[in-house]
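Letters A, B and C mark the chains in the order given here, with residues in each chain numbered from 1 onward.
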Amino acid sequence: MRVFLFVPCFVDQLFPNVAVSTLKVLQHLGCEVLFPGDQTCCGQPAYNSGYFDEARLMAMHQINSFMPNSPTRNHYSTSLGKTESEFDLKRDYAVGPSGSCVAMIRNFYPGLLETDQRYSQVAAEFATRTFELTEFINNVVGVEKFSGKLNAIVSFHDSCHGLRELGIKDGPRNILRRIDGLKLVELPYNEVCCGFGGTFSVKFPEISVAMADEKLKNFSQTKADILVSTDTSCLMHLQGRAKREGFNQRFAHIAEIMAESIS
Amino acid sequence: MTEIEARHFKELYKKQIVNDQLRANLSKATLQAVDSRGESFKEVDFEFLRKQAKMIREESVSHLNQLLSQFEDHARENGCKIFYAETPEKARAYVLDVAMKNNVNLIVKSKSMVTEEIELVPFLSGKGIETVETDLGEYIVQLAKEKPSHITTPAIHKSRTEIAQLFHDKIGTEMNNDPKFLTAEARRVLREKFLSANMGISGANFLIAETGDAVIVENEGNARLSTSSTDIHVVVTGIEKVIPKFSDLRIFMRLLARSSTGQKLTSYVSVLRGPRREEEKDGPREVHIVLVDNGRSSLLGTEHQEVLNCIRCGACLNVCPVYRNIGGHAYGSVYPGPIGSLVTPMYFGEKNAPDLPFASSLCGNCTEVCPVGIEIHHQLLSLRNEIVAAKKSRIERFLFKNYRKTMLRPGRYRMMGRFARMFSKSALVRRMMKQWTDYRDLPEFPSQSFREMYKSGKLN
Amino acid sequence: MEDDREKIFAAIRRGLRKDQHSDTERDGRSPLNTPLFADFQMRFEKFSDELVKLGGEAYVFSDYQGISDFLLEHITDDAGVFLYDEIREKYDRALSELKSTRAYKLSTDFENGYDKRDVAAFGSAILPCAACIAETGTIVLRNNMRLPAALATRLFVITEPARLIASLDELFTEKFRDAGGSNLFLVTGPSRTADIEKELVTGVHGPKEVYVIFHKE
């Protein structure tokens, strides 16, 4: 099974360990993993801020970076000297460690590009081949192929985009339950947003952190050591607030927990 | 365009969010509503109901002309008078006219969001006609000279102690913060108003095209009294409220109360078919139905048309974590919360609410609970796009232009990333990130990005 | 005053010019997860469960004496009883004791209209109903006086088992649509509010107590 890693820009730049862990987990599960080096940002920040034109260009770029030989490739992709492996829409999978960024590709690319003759078909097909990591493991690889061992008490934070755009609910929990020694304690009100919301977090920081504080209060109630999620963005926000407020729990992406449990 | 407070959202919410009492009141009330909502849907198939409701509302809105004329024909046959008002001014003038012609001096009024929207009560009171809100929550808000902060629970922002103080000051009751006592006092005062009033005003939750019925859903009994205890009853509602069939109520009645308060059905549902008949001994002798447009028709045929499907249940407010932290008044509009962030710019103009569509983390909980399947958070996104296209914040434009340039050129992206990580501890970067760093710590920036690690080959 | 009908209709026409989908088929299935109640006993249990949860009460009596005792036991004040005439006709044998000990008025006493203060004075109202709904514990009223049921402190409904329908699906049908009259009132439990800190308080503007009696012959 051939997997092309989709590494969201801020994971790439700020949380490389999440991407490294994803790579490791996928390889451990027997996938051949490639990383298309020209990918940058999926365009979600622009899209969510209302800059649809900018987001559209980025969506095109994202697709191009996975399909460097495709005729749709645009002139911006200057660094494409040598031909990398081409993503095969019939056969390959794009897998990324973020519900939010995957939702951008899966749910919004087709709409953004539907009027563009060159891209509409590709975007629609690419959308169906793109998976969030835990989704991929549950729905494509088979969760029974995974097992690990790690002594920890963790709580799980459902990211809104994972939960509501992609319908990810039991998948990550199924994975965590396959880790020996790991105890999962559910968070009260686990479907309430943590307050990150992309640019929302800096446009309305007071509201954003008020929401984080609620989440952190609920997390503290669980007495768990680690808050695990499918989305690094939520975790960055919660961890940043937690540190500021003097909490000392750990915040970890589920890929990191999985990688630790198999090492 | 009339200016509304929603323009100043950024100042308004900052005042509300520091109010811990308010946030505690809201948190308690909304989470309770969320829990009972969940409980109440166990007996029925929510997705089935929602699908049906969405379909019926879509049909209603997309056949609005046809259904309105059907409704109006039947309502006239039932003896009602119909009045269409394009603007708030026109609607207010008509209601005043009805009141003047009948020498009305006291009006009892039940809850209606449209009357809030057109500011009917202050208008009538200004003309010397005492107009009393009779829904307990609305009455509290009216006594406090405030505006409702929630679509279905108007005084949700107030604690019992605040209400006790208010009643003590305004209607001279003893200081007792027991809700039972306070409710009984309100009943006593308002009962007298019902018995003295000579006109009643209500809204309508649904208008039924095939029968000309106005359907009103409520819990206290004040709407029954407002619609039935005076000689003149005026319904003020929006043109979009019409649904095709009486039998469609089997869907909406099961959704509305559950979504709103977690009840299977509200205490009272009045299906009103015009003035009293000859054989009837009470009920109004005159029924007027005022159908207000106020911007609604302009949404037809646009991608926002589905917003007209809304049945004003308030479920999206209850689940919204933003609403829960800032309360309804912060929105500066009669329609707060997620649906308010759509309706306010749509009815009152985007210039009046430039920030509201952005005041959402796009968590999508609103969309998840909407009983008529409005994609609320996706609607917010498309409004954002319209606002950005119309009003260009120069700084933001500049930032997004550069962001685009960077993200479309992998080489530039790599370089910018490296710089940002290298200088992450510098005062300049921290300053640029002020909106983040004033409230939260930044993560430790790694020395190498993933792609650098990957390229160096040490991952394989 | 001239209204804006034509302007609004023109605006609607302009907006709806784009292709819009046509009439949709309704799906007539019941949304209830558990289908409801073939016989009276099962319906009554559900009805009673729902009503009791809301603070009301439901009873089945097979004799007039039972109804009579029940009413005397529950109407203890002197505020007076409003008696709907149809009830008097059907259940006079159950009402004789009540009538001899409590002040009452019949709906027929208001033949020529009335002042709402007269009705507001009653402590209790005894009414017939068009139907009761098991699914929600609802009483369906379609009488020629609206106010007694809205103003009394205690609401009594006396009816027969055949009036108890299973669900809202049976209510929102042609039968009730075309039944005539200016209004249909659904009453589900006592008048209530949760406007103060979401704490439930009953008896806001309408009845605080609601009793439904099925007379099983």
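Just so it is clear, a contact is a pair of C-beta atoms (placed from the backbone, for glycine too) under 8 Å apart; a residue touches a chain by one contact, two chains touch by 3 or more.
Since the structure is predicted, the reported quantities are computational estimates derived from the model, not experimental observations.
Core chain by CA centroid proximity to the global CA centroid: B. By number of C-beta pairs in contact, the leading pair of chains is B-C. Between chain A and chain B, the centres computed from C-alpha atoms are 33 Å apart. Each chain gets one centre point, the mean of its Cα atoms, and the points for chain A and chain C are 54 Å apart. Measuring from the averaged C-alpha position of chain B to that of chain C gives a distance of 29 Å. Residue positions of chain C touching 2 or more other chains: there are none. Across the complex, chain B is touched by residues 1, 3-5, 7-9, 11-18, 20-21, 23-24, 26-27, 29, 31-34, 50, 54, 107, 110-111, 113-114, 116-117, 119-120, 135-136, 138, 144-147, 150-151, 168-169, 171-173, 176-177, 180-199, 201, 203-207 of chain C. Across the complex, chain C is touched by residues 25, 28-29, 32-33, 42-45, 48-49, 51-52, 55-56, 58-59, 62-65, 68-69, 78, 82-87, 90, 93-94, 97, 134-137, 140, 153-156, 158-160, 163, 179-180, 182-184, 186-187, 190-191, 194-195, 211, 219-222, 224-225, 228-229, 239, 245-251, 253-254, 261, 263-277, 279-283, 291, 293, 297-302, 305 of chain B.
Within the complex formed with chain B, the chain A residues making contact are 7, 9, 11-17, 19-20, 23, 35, 37-41, 43, 45-52, 54, 57-58, 61, 65, 76-79, 160-161, 163-165, 189, 191-193, 195-212, 214, 236-237, 239-241, 243-244. Residues of chain B touching chain A in their complex: 13-14, 17, 23, 27, 31, 321-322, 325-326, 357-365, 367-368, 381, 383-389, 396, 400-401, 403-404, 406-411, 413, 417, 420-421, 433, 435-436, 438-443, 445-446, 448-451, 453-455, 459.
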